[in-house]
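Below are two complexes that have chain A in common, paired first with chain B and then with chain C.
On to the complex of A and B.
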């Protein structure tokens, strides 16, 4: 697991209580969202299960003995969802996908990469995008499959690419 | 107790002295009364009770007409009924209209007890029960009884009494006497409430009338002088009707509340300055009452008086926090300043719990908590809720942004 540089807030006990004061709360949520994104990026994860998350180091600071409650995590994720940075996967809102970038941003990033590397009008498999040598230095390298498909679908909606199914493999054609 | 009347100790025409006893205490039902260690005098018509020596002098004493009594009982005083009877229980019929004023207007009981310090004199008890059974008042009409032949209760009751006194010894007798008691209770309740319902009907009229007038006054604000409005308001207030013009929550005796408000303001200035400008209303109440010593003030009166503090230009005012806590606060004591000083204290200590702040600032925990909440509301502190309790930290979210 990659080393994470915890922000000062992480060792500040009030960080683990959702603040009632509006202005304070918005600052607090902002800091949390930043921290969650950084943490997931560093650990290459993109889903959070609220029921288990309370025990991960992200939400549980053993040193100062503070833990973010499940309701609080939900509050933060719902706030992130408003900005398109997270989305619940199940109806009971227990499992969440968190996007370090919004789906649009991901899509654009992939499209730019494709344009810059001459993949226009040609087909790539999703496996290539995620794990191919060509993308090793890209941010979307090793991106979660579900997130990748969603990003490409948002791109498809804009008419920039087309998703297609092979036998048991998925591919994408950029225009 | 409500069947007794105050009257001068003189015999009516046709009334005869029967018996007397001393060291007698009266109980209203099971409750003690102020009438202790007196003398009783039994006549053919009445039972008189007075302070020792009052009856022979013909002074005002208590009188109970014997026609109220429909049943007598002896009650033993000692443990396991040893030592002979000490008290006589007299079961009474409902109070009749036209009765002279007595020591009590209403009483929840339908019996009184006579307690004899030296035990019940059998001769006295016999004389009493004989007098009740003899019904001397039926043979001739004493001048000063409110009872007349037209009263319907008069006609029916003596027969009941007769039945009661005859077969009081059997189970049927006990059942009958209980039944009779129920009926008597029922009757006296309806008598008591008769006047009350009338009053309520009238009160409704009065309120609607006053509302009518007040709306008229408001409509014709220009035509009627300020003086008239004020005078009208004061009339209504003296009637005990809410001031319908301003719809304030104050009732009559507002003058009393104004005076009290003035007193509270004079008294509390120094105290408030001493303890940081703010004090919970419960503490204020204690302080005020301790200062008054006697003639204590009820919490409600104090609250009403505090609501009027603004009108008497007091240097303090009543304040209700969002949590519902009421405090008395000096007007010079502004939220911003409280928050500022509190946040300084938090900075000094690293963090503060309400308990810690209450020790440092020498205020109650309740107030300390309110101070911290105020500070938080103004964005100068942030909270930390954990299993260890509630604590407040400097608001580094906003400070270090």
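On to the complex of A and C.
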């Protein structure tokens, strides 16, 4: 796992209790959102399952014996959702996708890559995009499949690509 | 035969008294004149001294402090006014400049400490943001305190809260701390934990629970304290301004 540079708040015990004072809370949520994004980015993850998340080092600082409760995690994720930085996947809001780039940004990033590498008017499989040697140095390499599809769909809506399915495989054609 | 006191004797006595009195006021006046002359000379010398050592006063922190002490001892405040003789010396300018920098540091760290900062942190941040030259680096706590006191003319937005001997907090949010809240800060600083709790206040300061809760809740509402409800025993109230990792962050 990549080294995380924990912010000072991570060792500040009350950081793990949602603050009652509005202004303090907004500072707290902002710091959490930054930390969550950085953490997921460093560990190449895109989803958080609230039911299990309380035990990951992100939300559980064993050294100071403090952890974020499920309700607190939900509060933070809902706040992130307001800014389009996260979205619940299931109806009970247990599993969340977190976007360290917005879907639009991901879409543009992939499209730029495709243009720069001469993939216009040709078809790539999603497998190639995620795990191919061509994308090894790209930020979207190994991106969560669901996020990748959503990003491409946002690109599709702009008329820059078309998603297609053949056999068991999904592909995309860039324009 | 017994002689009674004559009129002459009484008059003589009165005359003597009057002469004594006269002599007394004469001496007094003399002394007063001499004193004020001395003081005048002293003031002149002091002003001479100040203008001669103007640059030294700006550069050298120890010299500056001694000069300040000397001024205070004879009741002269070189910062009192931007007008008049002392403004020529530009000693005030040094502190006005410092004042502006203090405001900047306070605003820049407000997002994490809620507007409460220890004098040490303020000083190290200030020094870091000032020029590298020795004269910019040489800022003492006394300089900072003098500058913050000058900021008071802007209202109660900037106040110094004494915590313990040689330790201060600078508060940069409007709203004065009352006696109880000051005591809470002193306690938190004295314990060195950066937190206090109701039980600490009731046992150490002899407060009732309600009094402790009131003080603490008020500080949470002011954004000065953070609530930590995960200690099994009781709720802890933390002050980021005293939390070492926050200070160095």
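Structure notes:
Heads up, the rule we're going with is that the second predicted complex is superposed on the first by the 175 of 175 C-alpha atoms of A that agree within 3 Å, B and C clash if a C-alpha of one lies under 4 Å from a C-alpha of the other, contacts with A are read in each partner's own complex, and residues count from 1 in each chain.
In this text, a contact is a pair of C-beta atoms (placed from the backbone, for glycine too) under 8 Å apart; a residue touches a chain by one contact, two chains touch by 3 or more.
Predicted, not measured: the structure shown is a model, and the values here were computed from it.
Clashing of chain B with chain C is the outcome of superposition onto chain A. When the two structures are aligned on the shared chain, A:45 is found in touch with neither chain B nor chain C. When the shared chain is aligned, no partner comes close enough to touch A:134: not chain B, not chain C.
In the superposition on chain A, A:23 makes contact with both chain B and chain C. By the touch criterion defined above, A:11 lies against chain C but remains apart from chain B after alignment on the C-alpha atoms of chain A.
Contacts of A:66 after superposition: both chain B and chain C are touched.
Note: residues 8-9, 12-14, 16-17, 19-21, 23-24, 27-28, 65-66 of chain A belong to the chain B contact set and to the chain C contact set alike, using the contact criterion stated above. Chain C contributes residues 111-112, 114, 195, 220-221, 223, 226-231, 236, 238, 240, 243, 245-246, 248-249 to its touches with chain A in the complex.
Residues 8-9, 12-14, 16-17, 19-21, 23-24, 27-28, 31, 65-66 of chain A are the ones that touch chain B when the two sit in their complex.
Interface of chain A with chain C (complex): residues 7-9, 11-17, 19-21, 23-24, 27-28, 65-67. The touching residues of chain B, counted against chain A in their complex, run 351, 376-377, 379, 382-386, 391, 393, 395-398, 400-401.
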